[in-house]
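First the structure, in the form of structure tokens, and then the observations on it.
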Amino acid sequence: MELSALAFYVVAGVTLVAALGVVSARSVVYAALLLILSLVMTGLVYLLLLADYLALIQILVYGGTVSILLLFALMLTPPETRPELNHRGWALGAVASGALFVLLLVSSLADKWPVAGAARHISLVDLGRALFSTWAVPFEVASVVLLVALLGALTIARSTTPGSKIAPRASA
Amino acid sequence: MVPIEHIMVFTGALFCIGVYGVMARRNAVLVLMAIELMLNAVAINLVAFGTLVYPGQINGMVFAIFVVTIAAAELGLGLAIVLRVYRMRSSINVDDIDLMRW
Amino acid sequence: MGYLSTITLAPFIAALIIMLIPSQRPGLIRAVALVASVISFVLSLLVFAGYDWHRAGFQFREAYQWLPDYGITISLGVDGISAPMIILNAVVLLTGTIVSFKIADRPKEFYALLLVSVAGVFGAFAALDLFILFLTYDIAGLPMYPLIVIWGSTRKNYAALKLTLMHVAGSVFIWVGMIAIYVQAGAKSFDLEYLASQAHSLLTPGFQIIFFPVIFIGFGFLAAMWPLHTWSPDGHGAAPTAVSMVAAGVLMKLGAYGCIRVGVWLLPEGAMVWSPVFVTLGTIGAVYGGVMAIAQRDFKFVIAHSSVSHMGYVIVGISTMSLVGLNGAVLQMVSHGLMTALFFAMIGAMYDQAHTREVGIFGGLARNMPWYTGFFTIACLASLGLPGLSGFIPELLIFLGAFQTYPIVGILCVATVALAATYMLRLVSRAFFGPLSQRWASLHDLLPNEWFVGAFLVLTLIIVGVYPTPFLDMINASAAPVIERVGGVR
Amino acid sequence: MDYAWLAPVLPIGAFALNVLIWRQMGARKHALSALTTLAAIGGAFLVFLAVFSDASSHLEGTATSSGLHLIFEDTPWFTVGVSPHLYVFAPTLVVDWLSIMMLGVVTFLAFLIEFYATGYMKGDNRYWWFFSVKALFTAAMLGVVLSYNFLLMYICWELVGLCSFLLIGFWYSERANAEAAKKAFITTRVGDVGFFIGLALLFIKTGTFDMKATFAAVESGAIDPATVTIAGILIFLGAMGKSGQFPLHVWLPDAMAGPTPVSALVHSATMVAAGVYLVGRSYPVFHASSTTMGVITTVGTITAIFGATIALTQRDIKRILAYSTISQLGYMIMALGVGAYTAGLFHLFTHAFFKALLFLGAGSVIHSMEPVLSGTGRNPNDIFNMGGLRKQMPVTFWTFLLASLSLAGIAPLAGFWSKDAILVGAYEADAWLPLFVALLTAFLTAFYMFRCIYLVFFGPAKWQVATAAGDHHDSHSTDHVKGRHAVPHESPWTMSLPLVLICVPAIAAGWIGIPGFSAGFAETVRFGPVIEEHINLVLAGAGTLAGVLGIGLATLMYLTPVSGPRLISESFPAAYKTLYNKYYVDEMYQWIIDHVVLAIAAMAATVDRKILNDRIVDWCGPFLQGAGARLRLTTSGYIYHYAFGFIIGIMAIGVVMSGGIPDMRFALW
Amino acid sequence: MPNFDPATLDYVLLAPQFIVTGLIFVCLSLDLMVYGRGHRFIGWVAIMGLAVGIGAQASLWGVRSSFAGVLRVDDYSNLFNIIFMAAGIGVVFLSFDYAERFFTQPGEFYAFLVAGVLGMGLMAQAQELLTAYIALELLSFSSYVLVSYAKTNLKSNEAGLKYIILGSFSSAILLYGVSLLFGAVGSTMFPDIRAALDTSVATSAVAQIALLMITAGLAFKVAAVPFHMYSPDVYEGAPTPITAFLSVASKAAGFALTMRFVVMALWPLRGPVSDVIAFLAVLTMTLGNVVALRQTNMKRLMAYSSIAQAGYALIGVAAFFAVGDIAEQASRGVILQLIGYLFTTLAAFGGIIAFQVVADGRENISDLAGLSRRSPFAAFAIMSALFSLAGMPIFSGFMTKLFLFAPVARADLLWLVAIAVLNSTISLYYYLQVIRVMYSESPAGVTALNASAVAAIKAASIHHEEPVLVGAAVAHGSAHVPDNHGSSHGSHGAESLDDVAPASLGPWWRRRLTDGMEPELRFPIDPISIELRIGITLALAGIFALGLYPAPFVNLAYDASKALFAK
């Protein structure tokens, strides 16, 4: 077994365990921390798959956002009345997702895939060129998406308490 | 590198864990986290296919970049809404959110 | 613009105009409605007069492009089966308009809806395109809901809902059957004559056997064919006067007309196969309606059940697949339309004053309401098939047609006539004869507009009863080809 | 003779004039419509006279095709069908001796009775309406008489029924009158259903309603005998309904609720005789089947004795006459049934006059009794409230007496000859039971008629007692009544003149049919060849004897006030009650209506509403609503349920996509 | 996929999208400049901008070209873009009053709306999965924001949360499918997918699973059962104009993408796909209608009704895989159904909004009682829309049913037609309930009517004042309108108003004519702003145009369907 393969199995294993932790941890904090772990491990998978740029993005983006997420999670769930984090029907969910997994497993293993050729590293230049030629439209649209998300998050989260610039209700 | 099937099994598992998270978690923030897991599985899939099955294909990577970007944005927006909900009703448990049903 | 399109559009345009008139001007609204109905009436008289009575086929044809991609043309024309229906509808429209002058609550909406409905009926009778026929058929039924719900009386919500849903349930069958016929005939055209021409080629016997009952049942809903009649008592009972007149007077006829035009004409081989079944249903309806009418306590319910009975005759007449029976069925449609219009006009006039329709509590009204009594009695007599009034000849022909093919059915139907005498005379005897109770002594006789409507309809009943020849000539000429398709004339 | 159609058209014109124009004339409408009606019927009578004189020189006497004069035979009213199945409906009219005879009877009696009614109905506030309907009735009746097409006859047949309905219910304010009118119409309608079915049976065999063609087909054997038999019996049902034959007779006594002129014209002389006339007119159909003839004979025989026995115990003068009419109609039917065609119709002819006369006399009596008994609550029709009127009302008495004698079959009055002819007919047909019944009926007839005469015109004036009681009962309001109408008096001349005039044919009408002496009737109104008739002295004697015995018994029992009647009624209470209650036929019908018809109707209504409507049709709504109520629970509001549903959905799609369900694309045909 | 020079691209093809994108920024900037009630101005700018966009799109009519391989500009996408922009205009018209009444910051609202329109347009144009996904996310993000826009409204927040969680969930599943498909095919371009599916790839398990998940994702977008469950909640909670926007435009965008994907990419798999769609269609329309029977909330009812409508459209998609021109006709049917649904929904929600603006945002069906008295125009709009939804004639629903059902029947799926028609009958049941409430029942609050209101009505009817003035006098605030008809012997209001009737004069029959007549009462009419009036009128015009003379629409759809199936 190659080293990279071994590395993959290890990383994948950690990722999965961390992910399981995310969905089953009994504390929000642990869940968030495990999510970070899982995402970072995902970054490592990218690295193993020769997608170094993506790995960078993964760690940067998720490192940043998830810490915010963590803050939120901590802030929004008062620790003294920490309730049960799972529903009663979680078992049903487990069955359904297990079934889905079986489906995916069977289908993945059923097909014969072409023998993987040598994995090629994709340069950042190629990536940039692709992004601004073929994928120019999605790229531009994605910018609008981000704009909408940003403004939307602002608009939604902005306080509506008295003193904001517009009165809640226009006088009739 | 490992056979593509193994990666697919891995991403499948990750994805299903995410699905399970969505179905099992009460806390809306945790639900959003689970969705992140699902999207991660997608991104890994894309990269793996691009690299291992279609070597030199740049599309998988590009797609993965977009997925990561959008996922982050989605999370941000989601959290904003969660915050708004929390402000209004002091809870972010999805089974408390049942004003509308049936 | 030809005659038929003008006849059809006049009420429709009037409805639009009425929608634009401010509701503070009820007089103007009534005037517009009256003008439109007079236009339609006069033009339908002209159609009647200009019609070549002895020629089969469609006359007064008009065609306008509408949706060529789907083979839909606004194609109008009348033959001997639809021309009497046009004039019937015109009469009902005119009388309905006049009798509704008393409507005080939102007359604007009332007249607009009424006129739209009647325009739909005109369109359906005049249409030579299956799709247009169905479109207008549905237009005719649709306004019934608001009309009943807003201006109705007893259990109006329930009744209106039931009427509309059953009408639309019929439309379900028609939709399916219509689309099936269209597709089976090559998906080229909805033109009725084209489709009819395919009856012995593309529309295979197997197809016809499956889809004839679909079509027949679909139209049977509106024709109040047993056991699809249950909307009729409630619907008529709840509807305001003019709406009852339209619903019983022409809408039911529309159903029967569809049975002939689409069912028997387009699918003759299916018709032949299914004839015994629908004859049976028609007979059950006839007997059943009569028996039911005996047990009713409400004027409108009696009439509604008698309508079920009479429409049972019509179904029998159609399904006997005999020329005599079909002649009778069409003439019966005219006759029954006129008499129910008269009935409901009269009952409405009573209800306006007495605010009840309970048969048992009246008595001796002949003393203070002589005209009313006269008109109502004549309607009853027409309904029980008294010679000299319109009901006799068509029933005679239907019975003869039934005897030709299904003698037992003929016997049952004739026996029902005795039932008709029973329930009709019970009404007359109960309400108008006997001592006049103090409670009703203050009732007035008919208003001028009601009197006009009554007199007019009585006149038509007598004309059709005494001199049905023009009607029968035209019906016969056009019914003969239909019957020839179903295996020849007997 | 082509102008015979004028006879029905004149009265119908009068009707139209009355209803459409004179009605608007305020108070003058009464006089105008009476005048118009009288003029029209008089015109019709003139038409009759003209036709009669024409026919005397042109027509052979027959009921078969050779002696017919047809009008409008080739004038279609409407046609249906296409050649070769073209059905033409023509309003054919016929002039033959049978129709001429009836034309004469109807127009003559109608005219006189209308004239009588001008007096009788005076003061009624719907005077004009009475005459209008009478005009319509006359027209319809003449239509029945003249029509030679089954359809046309049926139409007129129904119209006379309508007029009868309207006239019986003329005084509709009384609930009983309204009910009687309804009963009359419905009962006859039941018979008409049979009539119509019979016609339809003939129609589908022959393709026409034309009598000529139908009779030809029957005679030529083109229609199978079974059909002819069934059709004949069914048509006879119509006759039974109209002519009050058992068991459809129940309406006729009740029909006496109408004004007396109506009873005289419609319910004794003309309309009820239409059934007999129908049998006579369609005789070829009946004659072709011995079964039919047997049915006719049986019904006629039963009715004859049945009506007569009931009449024995009735108290209402008009009801006595009504049952007498039923009985006499049974007589005629029986005669026709045994094949005595001429005899039956001859009796119809004579009976019309003396029975009309009887009714008019009864009307005259009632007319005079009414003011006397008004306010007492006593029934002016009840013969036990009368008595001793012989002196007060001489004209009425004498005419009534003559008519009764005629009815009782006392020679040489009209009734004798026709009754004798029937006895002879029954004898010659070897119909012993009918013959016996006929004799018995003759006896009973004489008895009840003279019972009536004695109670009304002889004996103590019971109305005096009645008025006295009335005074006592209602003293303050009867003073002026008493002052004006203390005693019954003879009716005005408008009423008594017709009595006298009708008396003439009531006496003499039989003389045109004296066997071996003046056989005018037998030669003209006949079926088949002319038969040389001889008087059968034995039968004539027996008939007369029966009448005399009946009169004698009545004299014994009622002329001198003895307790005979009471004795009998008390000795045989069951029999008396049965007769008095008319064999309980009405009760039986009432029971059937209440417990069968209405029960079925109520049950049907229940089934329709509760099961068909509520359980089946309306069930759709709740069913779907229930389904909706359950299905909407799937939308629980919880995100994780939704996600779960999502996964389930994916699985389901997987099943479908992998071919887990068969191809959904198929043609239905 | 060769890289190519961006300079060679024909940017004119995207001119309308540029205009719309610019419009987003214009709206945002304007929001910074005008405050408060100035939002109406922004709204009008959005309308104008979208109108210009429609014009630009229309000028591209007949073009059949692709942009960088990822977008396809042809009559199909042109038509859908026009539809979406028109829908945007309609929703903006509907939003003015509502925004003013219920939003704290109405200004940015229009920008999000326009962004959503942009996303939808791109969905219709996409012929590549990544672009489709991004466009879909643009629409989704805008929708998330718009749904939770009524920030102080609990329901709105809740709807936003549900929507974003389930939306993300579904797009994750969709993406997973896309990633698998990419793995199986090696490309995300529709033509490449089709080419690959023509080979043995079609039978590969991964490709099947991929399609499964993509189908589920798209089904979520069109709210097909069982992926519909979010929609009732979201529609109920969203601000009403947004409910309209979602139920018509978002759904139509889902259909636009689905149809394109099905035709361009999935064609080789027509058998199973057709079955799946037929299956979904049956479930969708039946469940939508049956559950709608039990709804008491008007918006929720409309949500279920919209689910059912999507089911009808789906049966058209199921008929895509038939021979000859049937498929084209079927796509035409779907397009026309969507157009009809656009008009219908706008009219219905226009009426509802007109009511809500006056009635404090109430949304129960029972609250609509007597709407025909208070606001005849709104009631008429709702009634027309509901009749149209039920497929009644004169209204568009009847005609679109024809266009939809004829090809489906031709494709040997008559049983689907039967189920669809049956379903429309069921739907009529609950539509009629609404109509009954509006037309037959008395307005709420009659008994609570205060004396001053009676006096005001009296005064007004004596002096024959204008109805609206009376409305101002009485219906100010939450006071509701009296009804003297509903119960003829009933309410205090009616009795005390009797003496308003003019003295009856003339002969007895004239007295009888007027006897028993209620005095002609002027009912105070709820005010409707001119913008809302315009919006509803346009929608009604559309309903009746399509219902009475659909030929122009058919011609447009004809071109679009031709383009859709062009090789």
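Should a chain be cited, it is by its letter among A, B, C, D and E, assigned in written order, with residues numbered from 1 in that chain.
Keep this in mind: a contact is a pair of C-beta atoms (placed from the backbone, for glycine too) under 8 Å apart; a residue touches a chain by one contact, two chains touch by 3 or more.
Computed from a predicted structure; not experimentally measured.
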Notebook entry, point to check: What's the chain with its C-alpha centre farthest out from chain E?
Noted result: D
Check: Of the chains shown, whose Cα mean is nearest the mean of all protein Cα atoms?
Finding: C
Item checked: Chain pair, A-B or B-E, that carries the greater number of C-beta contacts -> A-B
Item checked: chain A and chain D, separation of their C-alpha mean positions in angstrom -> 100
Notebook entry, point to check: Distance from the CA centroid of chain B to that of chain C, rounded to the nearest Å?
Noted result: 64
Notebook entry, point to check: Per the centroid of Cα atoms for each chain, what is the distance between chain A and chain E, given in Å?
Noted result: 33
Notebook entry, point to check: How many Å are there between the centre of chain C and the centre of chain D, using C-alpha atoms for each centre?
Noted result: 36
Check: Do you know which chain B residues sit against two or more other chains?
Finding: 4, 8, 15, 18-19, 22-25, 31-32, 48, 50, 53, 58-59, 62, 66, 70, 73-74, 77, 81-82, 84, 94-95, 97, 99-102
Next item on the list: Can you tell me which residues of chain A touch two or more of the remaining chains?
Entry: 87, 89, 92-93, 96-97, 100, 103-104, 108, 130, 135, 138, 142, 145, 149, 152, 156
Next item on the list: Please list all residues of chain E that touch 2 or more other chains.
Entry: 1, 130, 134, 137, 141, 144-145, 148, 151-152, 160-162, 165, 169, 173, 206, 208-209, 232-233, 294, 414, 429
Check: Every pair of chains that touch: which are they?
Finding: A-B, A-D, A-E, B-D, B-E, C-D, C-E, D-E
Check: Along chain E, where are the residues that touch chain D in the complex?
Finding: 161-162, 165-166, 169-170, 173, 208-209, 211-213, 215-216, 219-220, 225-227, 229-230, 232-233, 271-276, 278-280, 287, 290-295, 411-416, 426, 429
Note to self: Quick check on the complex: what are the chain B residues that touch chain D?
What the structure shows: 19, 22-25, 31, 94-95, 97-102
Check: Where on chain A is chain B touching in the complex?
Finding: 2, 4-5, 8-9, 12, 15-16, 19-20, 22-24, 28, 31-32, 35, 38-39, 42, 45-46, 48-51, 53-54, 57-58, 61-62, 65, 68-69, 72-73, 76-77, 83-87, 89-90, 92-94, 96-98, 100-101, 104-105, 108-109, 113-114, 116-120, 122, 126-127, 130-131, 135, 138, 142, 145-146, 149-150, 152-154, 156-157
Next item on the list: Show which residues of chain D lie in contact with chain A when the two form their complex.
Entry: 640-641, 643-644, 647-648, 650-651, 654
Next item on the list: Give every residue of chain D touching chain B within the complex, in rising order.
Entry: 632-633, 635-640, 643-644, 647
